[in-house]
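Shared between the two complexes below is subunit A, which has subunit B as its partner in the first and subunit C in the second.
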Partner chain A sequence: MNLQKYILRRTIEIIVTLFIIISLLFILFRLAPGDPTSMIIDPEMTPEDIEHFRDAFGLNDSLWVQYVKYIFNIFRGEFGNSFHYDEPVIGIIWDKLLNTILLFTTATLLAAFAGITWGKYIAWKRGTWLEATITFTGLLLHTIFLPWFALLAIWIFGFKLNWFPLNGMMTPEVWLNPDTGIFRKVLDIIHHMMLPLFVLFTVDFARSMLVMKSSMLDTLREDYIVTAKAKGLKDRIIRNKHAARNAMLPVVTSVSLSIAFSINGSAITETVFSWPGLGRELVFAVSNNDYPLAQASFLLISALVLVANLISDILYAYLDPRIKY
Partner chain B sequence: MHPEETKKKTLKEHLKYRYHSRKKKLLFTLKGFHANWLIFKKNKMGLFGLGLLICFGLMALASFILPLIDPMYHPMTGVDPMIFSSKGPSLTHWLGTDSLGRDILSQLLVGARVAFMIGVSAAFMTVTIGTTVGLLAGYFGKTVDFLLMRFADIILVLPDLLVIIILAAVIGGGKLSIWNIVIVISLLGWAGTARVVRSQTLSLKQRPYVDAAKISGSSEFGIIHRHIVPNIIPLSLLYMTFRVTSAILVEAALSFLGFGDTSTVSWGMMLQWCWKTGHMFKAPYWLLPPGISISLITLSFYLIGRAMEEIVNPRLRER
Partner chain C sequence: MKKSVLCLLIAVFLLCSISNASAMTLKIGIHNEPKTLNPFTARDVWSKHVLDRIYHDLYTLAPKTFELIPWLAEALPEYDKKTNTVIVKMRKTKWHDGTPLTAHDVVFTANVIKDLKVPRYSSRWKFIKKIEALDDYTLKYTLSQPMATFYSRTLLTFIVQKKKWEPIINEAKKTEKPLQTFLNYKNDNPIGNGPFKFSSWRNGTSIKLVKNPDFFAKNREIAGKKVGPYIDGILFKIYGTTDAAILALKNGDVDYIWWSIQPGFMQDLKEDTGVTLTENKENGIRYLAFNMRKAPFNDKNFRQAVAYLVDKDFMVQRILQNKGTRMESIVPPGNEYWHNPDMPEYGKGMTRAERVQKAVEILKKAGYTWKKEVKIKKDKVKPGKGLKMPNGKDLPEIDILTPPADYDPLRAMAGIQVQGWLNEIGINASAKPASMSFISDKVKIKQDFDTYILGYLLGIDPSYLNSFFHSSEIKRRGRNTSAYKNERFDELADECNKEMDMEKRKKLVFEMQSMLADDLPWIPFFNASVIEGHRQQRFTGWVNQLNGIGNSWSFLFMKPVQ
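Then we have the complex of A and B:
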């Protein structure tokens, strides 16, 4: 099988997975105690009114008809109205999706890149105090409790040192002022993004650095490394061209396995930093019993995770030509 | 000899034999433990982790003693009559009090107990499910394998914390009780273990002794029970230590975000109270201890897991 066919197969698998998740959500919300309309119905409504209401919401149809309608609506991007905002859900979550992608992608990419570079170096320096110190620090950062770390970051860099804003994504004065240029606006967002980015980056970085180090230690024992050394190649070339290229593969796998984990992390970070993203919207919607909003944000997050998984699978296939699809 | 007597004798002999074989088995196990301990001991990080774990164990034990000294040290209901707001460390309250005047130290100690409870029970359930699924998929193969592994793939890509939050909304109306949290964590965490156990089962199935057992007429169940499970157990135990940390972390994050069990004092809950009452910039004595505890207990299980990994996978020891 060639690469195109592999990509096609993975894409189909992912669409099927998304479909299953959508169906599970449907079942889940049907299982919920109480009627879906119980949130809206007033005690003063007459039985006729309620019946009219149920008709309007399609709740008197059979479960199959409801399911088919539900699927169609989702593919049309029709998630209903949010209870809390009283607006169509799709309009609310669209901007949030972009904000989440901005934060999450930047953190993941930077962390993978830095993790690979650092892991490479400290595996090369194995047995030294430098390696021991960095590994131990990496372990501490890997196991630190993320929400707490975020609070500490706000406390130290936001509150005590006053380097960065405490929360949010934009300064209203800057954005409402018609005179500010686009450059100033971008700078404002970057300024707000630094702290959440730092928190997410640190934790992701520690993980990929540890994986890279351990994989690099395995690779350095391979025969072809000994051969390269015997040939009298420079250390730099052995490390970067011979060892690191092969050692990188498990890191890509671990990044793809931990995408779901990172999304959890960004939901936490978004909530703590009031970053207007999907994860925070989900937490907010659940706290307010806003079912349509919660459902839509969850679906969009799942789709995001699946697409990120697809990308990392393709990247892996591209990096490792030996892979059997 | 009277037939009745022979029967008695054989029974006696049988019991004696069983006793000795049990004793041998036990000795064998103890020897195994000792050999493994010698490997574990060489790993300094693992020992450090074990030390930390013992400290947390002592904390959990101490949590039973403190409320006996004075009812005001009860982590949930105990209130110091002299204190009405969050106060810093003093002689009566070594780590200060929270905004309701409750002792932070006693909350911290109970938190250790809750963390162990959640971590160990969720890890046990997770690994039981994961091992069973992995065994079935690996041993029976074909359709069973395909269906179970596709299902595992789906579970694996779901962000578990967010799924639990959604479940909290639908089932619990925004809150989940502590045991429901444990169950949901287990139902969402088995996929990784199942994958590893499956690949191990696939390789064990090809061993000559399994063929030998098959030829001598052993049943499927007999083969799984006698030849495959004993070889899987060490791997399952290893995965259990890793699942403990993730269970503790998920519960803590859930409580922190406000979807936890408000009747249980966990470390995540303490952080949530500190954060929500706006004390995070004012009361470091309140903010720091729970966070440090969660991070260190995670570190401890992680280090122990890595040291155990070297026992299960000897290749890691050589480098």
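Then we have the complex of A and C:
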């Protein structure tokens, strides 16, 4: 089977999988206890008000009617309105998604890049104190309790040293000033990003580093590496051009899935830094039975993961000529 | 490459250290982003914090005393008992866009609420047969029956501009679900009449309001002070955690944090000379509710025994760290006009052993027995086991549903305490933290629970006594979750609802509180103090009152420090 047929087959599988996921999401949310109006525990809302509210949002329709409307709307690209925000879900997700991608995808890519770079280096320096130190440090940082670390970073770098803002994505005073130029606004966002990026990067880079190290160690045992050394090639050339390229393949899969999952954000990080992203919104939507928002968010993550899986398979074929579909 | 990255970092540091902030804009830290600026839709406290600055009502509640005073109206409402009508005369005031605010806007708003049955507000207008604009500045309300909440709720409903909202309503009415369409309207640029105008909303970051220099009540004298606003505006900044907000308060990024600070942060803030802490009473309640649909909770003796076991002083001391007061009545003590101070104080001043002794006496007299009785010797309690009901059956395990600790640590801790006290006397109780959604489902929809611990922030008007305990509210999603049924209470509540004379109504409310304190469908626990932090360097004139310094009067009276 050639690559094109493979892609076509996989695309059909993705569509079928998504349809199953869509249906499962519908069922799971409605099986969970409570309903959206159960969160309206307001003494001023009479039971009649709540019934009226339920009727207005189609919650009194039978489950089968709700399901059919739900599937039909998804195929029309309509994901409904959030029960909590009373706004179209697409708009809410889009706003938050861009913020999440900006921070978390950047952090994932930086961590992956650093992880691959250091992973190949410490594999090359196996047995030295440098390898032991970096491996130990990476593991230690990877197991740090993230919320505590984030708060500590805010306290030291934001409060004590006053190097970075304490929270958020923008400085209101900068953005509300009509004389502020685009460049200043971009720098402001970068300034706000630096502390959460630092925290996420620190906690995350070890994962790619250790996968890369392990893969490099296997590759370095290969005969062609011995041949390259015997030919008198420089260490740098052997490490980067011969060994790392082949060792990187498992890391490619891991990184592409991480990028897809990065849009999930992290509710904890977003909460601590008051970063207006999708992760925190997703947790809130699930806790409050905000079906449309939660369903659409999970659907988006599922679709991205499936597509990322496909892309990594295609990349594999491109990077490793031995792989044929 | 490395040099260009370094240059970029330096540029970021240098340029970002410069920021422009108006010296006279109050910066407030809020915990969550407001959900909407649509006043018909807003249910969350953060949206209301913003909207209450933009939209003001015909009447308002005076500072500290909370008596009804005319605001957009010229004088107090004129009620005619014979015809059940009320006349309200309005002042000549304007919307933020300069157009006149007239009686037609009030009539329009009311009719929208009534016609679309807008949730949360339609109950305030159900008994209003008709509302008319007799002229541009005179309103006539025709009531189907006298209703006490007319003063405290109907007249305190926001007003929207007919010119702006009429086309929106008309468009919504053309759709399949007009209420949903209407409630979904974003209201990105609210036109109000309040002391502050909407300026901008940066999603996830901040909301800015600017001063309305033509505010209708400016220079009016209220409680010996002249009304402003004297500040240029308000900037609401969003902080996801209390830790970040506290740091922002300490370094001056905000002037005030608009939520109650937990006692754990107080010591740190007290040491900061730039921060002032205030403590005010809360108009709220945390309570234990019984499911009176089943035994033993339908037995008053059992409920009273539990009331003796609950050590409220211990709760105030340990859970609230002495920042709060015990509650005997459902109406909080801070609501001084409506609170009945003459309530039974179950277990007050008693030792642990004395409480247990009293509870055991009550239960024994009611016919309860034990497999292993509680033993009290020299003030020491030896726990009992296996309490049996008067019919001889074993008392089943009792669940105490509470919110989880990350949602409300006070209620979660209270659940654990109550579990311990009940276990000591041989009642097999178990505190079960659960999500709010789960609790609401069990309590309001399935009505299948034993007890739960929840809380509310309450309004000034005690009409919630009717909502929570009238037998007509015993239904699916009804507010009488305990299924409390008392004919005399229902009579009092119905009479109270219709009583337009405040003093007569007060007597009825007092009697209702006494009945509830005796019957105990709920055991009120405590009322946590509202502890807030603010900086005094830039602004002065905060007004301390029930529920804290974050109130309309603070924003109207406060001035920049000279």
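Note that in this section the second predicted complex is superposed on the first by the 262 of 325 C-alpha atoms of A that agree within 3 Å, B and C clash if a C-alpha of one lies under 4 Å from a C-alpha of the other, contacts with A are read in each partner's own complex, and residues count from 1 in each chain.
What we mean here is this: contacts are C-beta pairs under 8 Å (C-beta built on N, C-alpha and C of every residue); 3 or more make two chains touch, one makes a residue touch a chain.
Computed from a predicted model, the values in this text were never measured in an experiment.
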item	value
First (subunit B), second (subunit C), both or neither touched by A:Leu217	first
Touching partner for A:Ile190 - first (subunit B), second (subunit C), both, neither	second
Touched partner set for A:Ser287, first subunit B, second subunit C, both or neither	both
Partner chain(s) touched by A:Ser274 [first = subunit B, second = subunit C, both, neither]	second
Partner chain(s) touched by A:Ser62 [first = subunit B, second = subunit C, both, neither]	neither
Touched partner set for A:Trp155, first subunit B, second subunit C, both or neither	both
Which superposed partner A:Thr17 touches (first subunit B, second subunit C, both, neither)	first
First, second, both or neither for A:Asn2, with subunit B first and subunit C second	neither
Superposed model, subunit A: greater residue contact from subunit B or subunit C	C
Intersection of the subunit A residues that touch subunit B with those that touch subunit C	32-33, 151, 154-155, 159, 271, 287, 289
Residues of subunit B that touch subunit A when the two form their complex	45, 153-154, 156-163, 165-171, 173-174, 245, 249, 252-253, 256-259, 268, 271, 275, 280-281, 287, 290-291, 294-295, 298-299, 302-303, 318-319
Subunit A - residues contacting subunit C, complex	32-35, 37-53, 56-58, 81, 84-88, 95-96, 99, 151, 154-155, 158-159, 162-163, 165-177, 179-180, 184, 187-188, 190-191, 194, 270-276, 280, 287-289
Interfacial residue positions of subunit C with respect to subunit A in the complex	8, 11-13, 15-16, 19-21, 33, 35-36, 38, 41, 43, 117, 119-120, 122-124, 153, 177, 179-180, 183-184, 186, 199-200, 202-206, 208, 235, 237-241, 243-244, 247-248, 250-251, 253, 435-438, 440-442, 444-445, 454, 456, 458-459, 464, 467-468, 473, 475-479
Touching residues (chain side subunit A, partner subunit B) in the complex	17, 20-21, 25, 28-29, 31-33, 139-140, 142-149, 151-152, 154-155, 159, 217-218, 221, 257, 259-261, 263-264, 267-268, 271, 279, 282-283, 285-287, 289, 291, 294-295, 298, 301-302, 305-306, 309
